[in-house]
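Next up, some structures in structure tokens.
Each of the next two complexes has chain A plus one more chain, namely chain B in the first and chain C in the second.
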Partner chain A sequence: MIAKLIAKRLAVSVLILLAVSVIVFAATLLLPGDPARAILGQQATPERIAALNEQMHLDQPPVVRYFLWLGGLFTGDFGLSTSANAPVAVLLGERLGNSLVLMALAALISVPVGIAVGIFSALHRGRRSDSAVTWVTLALAALPEFVIGIGLITLFATSVLKILPAVTMSPPGQPVWLIPSQLVLPTLTLALVVAPYIARMMRATMIEVLDSGYIEMARLKGVPERRVIFRHALPHAIGPVAQVVAIQLAWLAGGVVVVEFLFRFPGMGQALIDAVNYRDVAVVQAVSMIVAAVYIVVNLAADIIGIMADPKLRSAAA
Partner chain B sequence: MTTAPPAAPGAAPAPGAAQPAPAGPADGADVVLRIDDLRIATTGDAEILHGISLSLRRGQLLGLVGESGSGKTTAGLACLGHFRAGLKHTGGSVTIWPRGGERIVVQELGEDALRQLRGARVAYIPQDPALSLNPAMRVGEQIREVLDVHRWGDSDAAREARVAEVLADVGLPSDRDYRRRWPHQLSGGQQQRIGIAMAFAMFPDVLILDEPTTGLDVSTQAHVLDTIRDMTRRNDVAGLYITHDLAVVAELADRVAVMLRGMLVEEGPVERVLHHPEHDYTKRLLEAVPDLAGRKAIGGDPYRDSPARIADDATAPPLLAARNIRLSYGEAQILDGIDLTLEPGECTMLLGESGSGKTTLSRCVAGLIDDYTGTVALESAQLAPSTRKRTAEQRSAIQYVFQSPFSSLNPRRTIGESLTVPLETSQRVPKARRRRVVEEALDAVRLGRSFFDRRPGDLSGGERQRAAIARALVNSPRVLVCDEVTSALDVSVQASIIGLLRRLREENGLAMLFVTHNITLARHIADNLAILNRGRIVDYGPVDDVFAHPTHAYTKALLADIPTL
Partner chain C sequence: MSTHILTSDPTGAPPRTSSKPPGVLRRVWAQSEGRVGIVLTAVVVVLAVFGPLLAAPLTGYTPYQFADRPFAHSGVFGTDNLGRSVLARFLDGGRLLLLYSVLATALGMVVGGALGMLAAYARGWLDSVIMRLNDIVLAIPQLVFALLAITVLGPKGWVLVVVIGLTHAPRIARVARSATLRVINEDYIRAAEMYSVPRWRIIGREILPNIAGPLSVEAGLRLTYSIGAIASLSFLGLGMQPPTADWGLMINENRIALSVQPWGVLLSVFAIAVLTIGTNLLADAIARATAQTTVEE
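So, the complex of A and B:
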């Protein structure tokens, strides 16, 4: 039965992704520019441009082009980057890896930290430590990511301490994780942006759960406090918090754009900014689709976790 | 199975378990728990328990009765050394003499010792099992947990066997499949028996029962009470039974203590207190309890059934007629062909347990649910299923009063504003006169005009329910649908609301559909009684006839299971 529920969500996800592809394709159609001329340069003859247009199917009506492009997506062919004059898949492959490393590290830090801070805050509700946490999380949540990033650079790379690199130093083509120190600041920036929301949600959910009858009952049974929190309370907070974590992780997929630009990080965000500057339609389309796919995958994961965490849903048909 | 409870290994908090039990307190060797001059205040220093003293004896149940806010739960939780948020202990003590152990003063215990006491020596059975069982833990595991945290027995197998044993003791299946169920897969009565099993798992000395049957219907309540009585006797436990239901106390308890606003006003053997009460408050409380026989006059004058009210023209259509009402959600047949009629000035009690479909039926009549089949007719006019499609006049004619006055009045609006809304909708009276109509309605429910500008937050439960009834009255309805209007209220408030409804009927000739699960109210308010069971009316007729000659097995069981004073 769970499988059925998940299959249903999966089908909906595919539909959403298709809808997104239509929107992305339509939006990029509106971008000005002539890809063939961009590739061949100003002195290209009209014959060569026409030949390239034909090769890239640019002479076809938009509907046909959409389906050609969509078909390409399914076979891993994202088209041709006009600025690099290379397949988009090759151009983005390495950058996607870099971005995913950054996002994974940020998630790995922010999710446990956010959850732990939220639990701490809920347990100390109304006390000074709770209000301190509230102030800090709200302040961080209010700051845009580039402000946090610049703050961290000032603190650790330029003015105060000079212990970490302010920008990415890897030469093109070399994986970023070979110089781990350059990952610290971008990761920290993303984690600081995401963790406050997770902490706030965790605090609210835990407070609600801790006020429930079964928590009082567990305490009146003589259950040790640690077990009350981890065995009785925490499982109920997982479902709602997973939703927020998902939204935050999905935001990471888009949030990396600004942070990557700030740290000159060779990831997808950089690629997107460059592609927009050079009117590189195929890359813009590919990056947009990847970000959309990340959104859908993490939200799907959150739904599944939510289902698994609720015995009512889990055993509905068992 | 467990007639002689073994001394639970590792459970006795004192090391001197080998020697015979030390002498108990001076006033009786079998006292297990004594509360001495217990005082509890809010953190804002308002005292809410003003020095309570009580003793619990082995093998006996003490009923602690009082209305909501009297402090009974606070006193009960203090026996476990637990104070809810915003409360603190300011004086007095709770002393426990466990079997084969030394005297324990609960207030002197540290965090860890307190934890060892809870669930092991003093166990708690909460009011609402649906809220107090962890929905994300299997029921067997929740019982097992008590044994685990108190290190009962010496192996997992022994603990598992104890879980099975105590499940069998409370009359539940003890097999592995049952223990692996989730709370939501059990009925309310089964959930409460899980709670009882959990409480008895460690062979406690003291049991605190906090209204453990309040949410249950009478048949389930009777079973749960049997289980509690049986388990208390068999395990030789001292029990504190907190309740507002005097009839349950009469059935179950040996002694009874009555609380009023944080004070103990009377204490003694059940027979004496319930039949020869000394304190005025106890007398008032007893007078407010509805009796099945209808001999009492709760909420004022006794209800007299006047045969003159019977419609003189037998051929005229009834005021309200529901014909063959059916409703199903998927597989579940909620209503299965209901026929019901109501004459002017007549009150029909619609009685059923939770899930019987009584609220669904009353909502169909009022048009709040519109996907039923069958017809509802007002006099001769058939009503549209949805209230939106009914005329303003038809809507005004049938008015609905909801169960909880705490959620049915908008807290941001004054009573006057809330009561004017139906007049704005009906456009029955010009704007200038609306305030007067509302004030008259407030007078009619004996609240008075001064309530016009007050907000629900300032009102007590009874006052709110009166305001909600006034809201139903402003459009001069002909039929009042009262959906469990007294079940959220204390008995004395219930009595006054019943008295009010009775007067409204007599003064305005209102017809009433009184929906309830409380059969003892029947003779105090109703002419006819319709018993609803699983979406069907199984017994229907004048109250006396149904009581005298119940035809359906369900009605017979219902009448047999009612606890009486």
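So, the complex of A and C:
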């Protein structure tokens, strides 16, 4: 049964997420220093430190603390930020929204563009336009995201043209989409990182499909070329590409960190970097868990699409 | 193996008796991608290795000496945020990045390769345990994992090498495992087992040489990502620490003056770009070179 296969995959995802939470939580145990003292400062009295320790459950054994922390995650209580002296959930709330906007925009641009470029390249196989696409995608796929971002800043914001803002200008608390121009470069950077992989996979899969017997048959029958591509070839190529798309979208959850830092974008990634600098473990843990959860959910979605799309898997499961 | 001898070598060399496909390097060089990749990589490697020796003689300043006011335009490429020679720091800035990337990749290849071969060869519960542990590590994005480690252990060189290497290991293990599964039922492995050759010796002497193709592709790819990851961490200020001269860190230090004195940023960006593109082209060319041999076989 296909439902059984999906249920099994779902259970595995939950187990992996739990295992990730153990790793993320274990990081706190390795950390030297005293979070309560970090929050209250050097002048704090022992009584206040003891009180805060009790409030943060630091007087409990690690196993109890793990379950308290895990329970908190489900109720939206991510603990107390030691650097901001505020609940992590409040700190991350609006930033999560900002990051999701950035990721969604990048996905909306890169997926269709990547697929279109891949199809174009496959249809022009062996010609100069195809090899140009191959070179460009290979080069872009190699570049770290901040290199692409700085390239774009140099081209569009500082040295060559000055038509777009180089950094985010929204004051804290204001939604980032009120100044759309500041979203252009971060989105473009992420899209340029993600699209090449999709294009390369699309090209390879499309070439394989175009060489298959049923495409030749359709062409011999006199089916118009446009119809051959969009009705016969594309649906068969989408399955494997969906996997790569999902991996790339999951990658966005981590890749957004560097891009946010580069553009001073008030998102989760920026908060993560600040927290690492301040050794603010509660925030690092919360962001790690959110990113891992996004990552796992997207991968799960890809697997389910893969299971549904693959007739061999369908019959093997039945 | 008999079909192997039938494949004619383009240069007309006599067929070799070794089981290795002949002339992988020649096949890489025969592709324009491979040539460009080798040249780009070599240029940056030479720069990173010999640059530190040239820094002081060429510019008159060591990478740590103050040459002029901050962001001045004196010298060939001006000065950085603290007034040090950009050229001297640029020449000195690739060595650690390259060293750490190579070490991290090597660590990942050794750990991942060993785990992958072991999982495929042992099968059973050991295989399951290794692959499930893989899935767990793969569920955390590499950068986030690295940041978690740096939060706890601090931004030290060995932390970078170990965490980048270990996060590569599961991906490499997957490749090694599936490659091993393809050769595990070959007759020469069975023969070795019949002669009761020890398992570690079969893994090292029989399996490893026969999965060298996919592993070398993976090594090229992982080297590209190692360079990207370590440069990214340095750029975030969480990799190499000041006053070290390092390309990623230089970008972080000098990017506020991108419109006034762009060289402090652009030289480093250019070097990292050339290096990663070079290694990626090389990995792609190796992939094609080794894939060609499997097609012909």
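Please note the rule applied: the second predicted complex is superposed on the first by the 306 of 318 C-alpha atoms of A that agree within 3 Å, B and C clash if a C-alpha of one lies under 4 Å from a C-alpha of the other, contacts with A are read in each partner's own complex, and residues count from 1 in each chain.
We adopt the following convention: a contact is a pair of C-beta atoms (placed from the backbone, for glycine too) under 8 Å apart; a residue touches a chain by one contact, two chains touch by 3 or more.
Note that the structure is a prediction, hence the values are computed from the model and not measured.
Of the two partner chains placed by the overlay, only chain B lies in contact with A:P224; chain C stays clear of it. In the superposition on chain A, contact is made by A:V281 with chain C only, not with chain B.
After overlaying the two complexes on the shared chain, residue contacts for A:P61 are found with neither chain B nor chain C.
Here chain B and chain C are compared by how many residues of chain A each touches, and C touches more.
Of the two partner chains placed by superposition, A:P46 touches none, neither chain B nor chain C. By the document's definition of touching, of the two partners only chain B reaches A:H236; chain C does not.
In the superposition on chain A, A:S212 makes contact with chain B only, while chain C stays out of contact range.
When the shared chain is aligned, chain C comes close enough to touch A:A27, but chain B does not. The touching residues of chain C, when paired with chain A in their complex, are 33, 135-136, 139-144, 147-153, 224, 227-229, 231-232, 235-238, 251, 255, 258-259, 262, 265-266, 269, 272-273, 276-277, 279-281, 284. Contacts from chain B toward chain A in the complex involve residues 77, 80, 82, 84, 115-120, 123-124, 126, 128, 131-137, 145-146, 149-150, 182, 184-185, 198. Interface residues of chain A, counted against chain C in their complex, comprise 12, 16-17, 19-20, 23-24, 27, 30-31, 135, 138-139, 141-147, 150-151, 153-154, 158-159, 166, 250-251, 253-255, 257-258, 261-262, 272-273, 275-277, 279, 281, 284-285, 287-288, 291-292, 295-296, 299.
Across the complex, chain B is touched by residues 212-214, 216-224, 227, 231-232, 235-236, 309-312, 315 of chain A.
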